[in-house]
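In the part that follows, the structures are each spelled out as structure tokens.
Both of the next two complexes hold subunit A, though its partner changes from subunit B to subunit C.
Moving on, here comes the complex of A and B:
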């Protein structure tokens, strides 16, 4: 939990859940596991507010509770982690992916689940059907079964998963372990066998359109809806979005697009086929996919790509020989066994990110030195100048700049035990993993700065924004009640031209800052995946 | 950097191997922190535009806006200003309506997080309660028909008299719970507006006169149990704070 991460989490909580939840959340992040009384005492908020915030955090999976450290009798402790809260940055990407894979229905299902944290299947289906009906034309409505089928498809491909049952006060009784000590690790969703099983649900009907103008009837309908929360057969089964599965999907997409950029479209299609075939057989933490024979790949290529078999073999050979090492050869049977090297691909993508960061910040010659050091590991000052073919004075300057920014490290190799400077080798080196971590923290800081700047800009023009919102509301109500064009133009003229310009400039700035956040998040995803992949392979 | 070894100008590292030649000066020492916004020699790349980026942007902004209107967006009650004002009584409960819209499944949360505060039932919003209780109430309600409406009216009147006492407490005490148990059963399920159509059939005393107007009533007055719409209670402090840029017309 670094300071930058905590700051960014605080800002995200503030924007999405309000300042009360932000206070409680940041307090939990900074102080680790705490019980309710301590939280109330240290944050200074009222009991009700703290309870509500904790409920919101637990609902959204940002906070976990477990029985206290001293045994089952002690008060429950709440702890929170940065990772879950930082995912909020990636929500638009998840929703967009669901849209590309499962259409508008899938998009809305994922959006509802992200907004509410945990929901039952029946609740989600009803809300999504209503929302879809709202946007359809008059007289048509969305059937629940369509939404249910989209939901089931999402569950089948593991994009949604059931929420684990919380340990009700005591540890969940694993059969055969009487009086087990309080387990520190809460059960992961995957440890339940029914994790991806869709419950049998009786839910028949169509989406209801919300009628705006008819108050009396609407009230009666609203009352009837409240009354009819009859059991649909899936009480107590809550669903949440499975972020890990989305991350695997993003990782695959990153590899495919990297291959497409480096080689060509056909090679990327081959890699895409290989990844698709190994979706279900590869575990999330695997270093590489299961070996696939060239025959299988040939059979599974999409029909539109009818390349002859020898050409496929040539492509595969090219992919294996490429220095990026995306695809490796694992054997000769079946026409050649090929694997996709996932961890190595991630490492290479992270390396490319680091190189491009250096290039954009310090220029292409510094980038050349950086790449050189990455490839040759340890070099002396003189060797750097020679290999990079850069005059000595400039090379020295660039090296020192990189050194002061901590992108390059100095390694001392003594000839004598007393480390005398005249008798020590000083070698420049680049360590990829620590540098990636450092850049990741920089990215968090960047996003936090972007959010703060956006809040600052909106605060500066708060009055103007409120005025424009009021005028829009007036316009909308006038149009709904059918006013003449003169009235509309009169209301529109209440905003003067310079104000309109100011508003446009403000909107442009805010959009830019928001879009920048999204794009920094892509870099964050790459670097995070790389750091996590090294952790699992070495740890 | 200038070490005082043997009163000779030697540096702590070897000059040759690091590459500084004789006669070159070292860069000037830093005497203060680096500037907060240093000048950038290389300008950053422009953002990638395109349809996908714009759609992601729209999704992000919509999501933010939607979260603000959900019950999980908790805002503390606005801080009291310097002097208590009469309108505070009617303004203060406006903000807290959304909080109890969401009925969580209490089995998934630790017991200590349960909030048993029940707001006065005039909000017409159901409070978190166990499933058994609500099922029971629904059964009761199906049985009771229009005969209960009369009893409800009487309780409404009783409640109105209790309003002024209750307004100061946020948390209900046990006595109120018992009293309200009967009222709350039916009230919780009905919206405020429901009473209007029923009341039209039955005479009532002067305190409910405003209800005669039926659909002409605005939400604000019914929710707050007053005869005036909520903007009646604006105490004029917001006047004149709006845009004064357009000075063409003088403000009298």
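Moving on, here comes the complex of A and C:
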């Protein structure tokens, strides 16, 4: 993990879990696997706090524990990885996706699970039903079965998965029993056969609305105790959000929108159908989807797209001929077997991202030079000037700027064994993968900058924010107790107009910074997927 | 009979008559006469006299000395060029001839020196002389801007020296290139739009959105925005820049020899395309475009909390 990643993870942990967890988390990130004693010693926190922070981190899957290096008997070691913590940045996107796919119920289920890390199905269903009931009108409440069905749907499409049982993976070998040695690698959730099986759960009831009345509270508390002690048949089965599945979904969406931009709507629908058909049959690291025959695609097209069969064939041929190579032809049986080239599509999208960054940062002529070098691989300076049709002086200037920003590299080819500059060829070239990694680090730094700026802005106006909060509280209590309009306006006027303006501006700023973080996260996602796809294909 | 003979014999002794005779022979054989021909015509002429006459004619600039595979050739120079060289001496004539031989590629002064074996100072004087007489001109080469090549005054410089259609007076005409760029792009884009709106089957749509390089060339010629004549290769270089801009894509198809615009049995087709993605998220933030991105860290002079670019962007 790089310094930028660690900085970003620190900021995210601080925002979501507080300072103590941040301290422990960043310490783990920097120092690798450590046991409890070392952590306590090096962070200088009390045993209690460290234990609780580790619990929080484990609950959210950010920290893994395994038996120590010296063998099964030594104290357990904890290690933490950047990836899981960086996912926190993407939570809004996950929740939004769940909302578009499964409605409000799905959205709340995913939100609860993201906030809690691991939860049982019954617990989730109850909480979500309560929350939904909260927002409904008086007298109506949410049935548990509806929430359960939404939950099951999420599990069926693999968006949620069971947490791997740590006891099964790291069993200390009982003396004398030829048990399997403790595995060094924590088991992945997929290694369990029941990963996506919804447990049989006895949970009947409806969501409870929270009552504000005092007398209702004691009753409610008592009731809650009783409810919690009921067993619902799914003890010990904890669920977590399957991030990989969401990532596959995002990747598919990116490919579909790229096809829609490049070609037209119908082509993107065809690609969407193809991707949907291969959702559960393709492994996450696959280079391309399983081949689908044109007949199958024709049958699975959505009913609204009434295109005749020959037209579908034409569209498929056009997709195959496109230089972007989103779709490839894998055979002739069944009317033509087609695959979606996932890795190539990701590489193209990453390349388009790089080009767009160069274009926005340095201008369209520099972008022309950049694309030229991407296409032609190695070029001399004179050739760059000729191909790009840019005057020599300007081309030289732009090339040197790109070189200083490390977006373009120089390759020396000597004519003589001593690298005499006058007798060496200097060729300019662009390497896509290292440049993508570099941009990825820049993205991390950008997000960290945005978060820091947001915290700074809130800190600056802390006094103002506190004042406005106090006034809101007063207003709310006055309204609840039925005050007259004059009292309300009197309280509202306690905030002066310029202060209100400042508050509005502050709100605007914070929203802008927030949305910017999400936008940069989209870039991060593309670049990360691309880098990971190359790692799996070459490694 | 005898008179003719006497005349002829009388001619032989007069050098001027010999020269005239040689000139007449040259007129008879415009492509040049060899020594052999003169000998056949004037069999009684001594070689010495013959040589003297030929030398006189050469020095007067009325004869051209050429060499071919069988020996030396003498050719009559046309009167126009003879008048030009009046008053020039041998060295100038030599230099002039060397420059003439270089054709429209021109020749560098150092190369003139090698070919004529004259010292540098002489060469420079002669060149200045010839230039003032408007017989030769100096053309600055576009490849090396300090180099000057010399060629005859009325010759058009070759493309490799001037850089072709894109250079006017050694200056790269970037505006001209830009204008051409945009025009080509508009043409291709409108063709693609028309194809898309025609709502035919997708294959037909795509094929009709293609334009061959020949069509684009014709369109640009008809537009008449170019003072210089542009060849199809020029248009193809412009279209290549559009490909590098990411606005156009190209395919090559096999075409029958003889169809208009085909080169070596292939045709290049171009069509306008849309961008694959929208501008990426990173560049929507000030950090993505920040010139001092590397120097920025918390607690430094340049930091996110004090960033002026962010302040401006937030208030936008």
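In this section, the second predicted complex is superposed on the first by the 509 of 539 C-alpha atoms of A that agree within 3 Å, B and C clash if a C-alpha of one lies under 4 Å from a C-alpha of the other, contacts with A are read in each partner's own complex, and residues count from 1 in each chain.
What we mean here is this: a residue touches a chain if its C-beta (ideal position, glycine included) is under 8 Å from a C-beta of that chain, and two chains touch if they have at least 3 such contacts.
Every value quoted in this text rests on a predicted model; they were computed, and no experiment measured them.
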Contacts of A:519 with subunit B and subunit C, given as first, second, both or neither: both
Touched partner set for A:363, first subunit B, second subunit C, both or neither: first
Partner chain(s) touched by A:372 [first = subunit B, second = subunit C, both, neither]: second
Touched partner set for A:421, first subunit B, second subunit C, both or neither: first
Partner chain in contact with A:392 - subunit B first, subunit C second, else both or neither: both
Which of subunit B and subunit C A:489 touches, first, second, both or neither: neither
Touching partner for A:21 - first (subunit B), second (subunit C), both, neither: first
Common interface residues of subunit A - those touching subunit B in one complex and subunit C in the other: 360-361, 392, 512, 516, 518-519
Subunit C residues touching subunit A - in the complex, by the definition given at the top: 166, 172, 174, 177, 181, 196, 201-203, 206, 237-238, 240-241, 243-246, 249, 273-285, 287-289, 293, 296, 298, 303-305, 307, 310, 313-315
Of subunit B, residues touching subunit A in the complex: 12-14, 16-20, 27, 41-42, 44-45, 47-48, 52-57, 59-61, 63-64, 66-67, 70, 72-76, 99, 104-105, 107-113, 115, 117, 126, 138, 141, 189-191, 193-194, 197, 215, 242-243, 245-246
Of all residues in subunit A, those that touch subunit C in their complex: 257-258, 261-262, 264, 266-267, 311, 314-315, 317-318, 323-324, 348-349, 352-353, 355-357, 359-361, 364, 367-369, 371-372, 375, 387-392, 394, 439, 442-443, 445-446, 448-450, 452-453, 456, 505, 508-509, 512-513, 516, 518-523, 526
Subunit B-facing residues of subunit A, complex: 15-21, 36, 45, 48-49, 51-56, 58-60, 65, 75-76, 91-93, 95-96, 111, 114-118, 163, 165-166, 168-169, 215-216, 219, 222-223, 226-227, 236, 238, 360-363, 380-382, 392, 396, 400, 421-422, 424-426, 463-464, 467, 496, 499, 511-512, 514-519
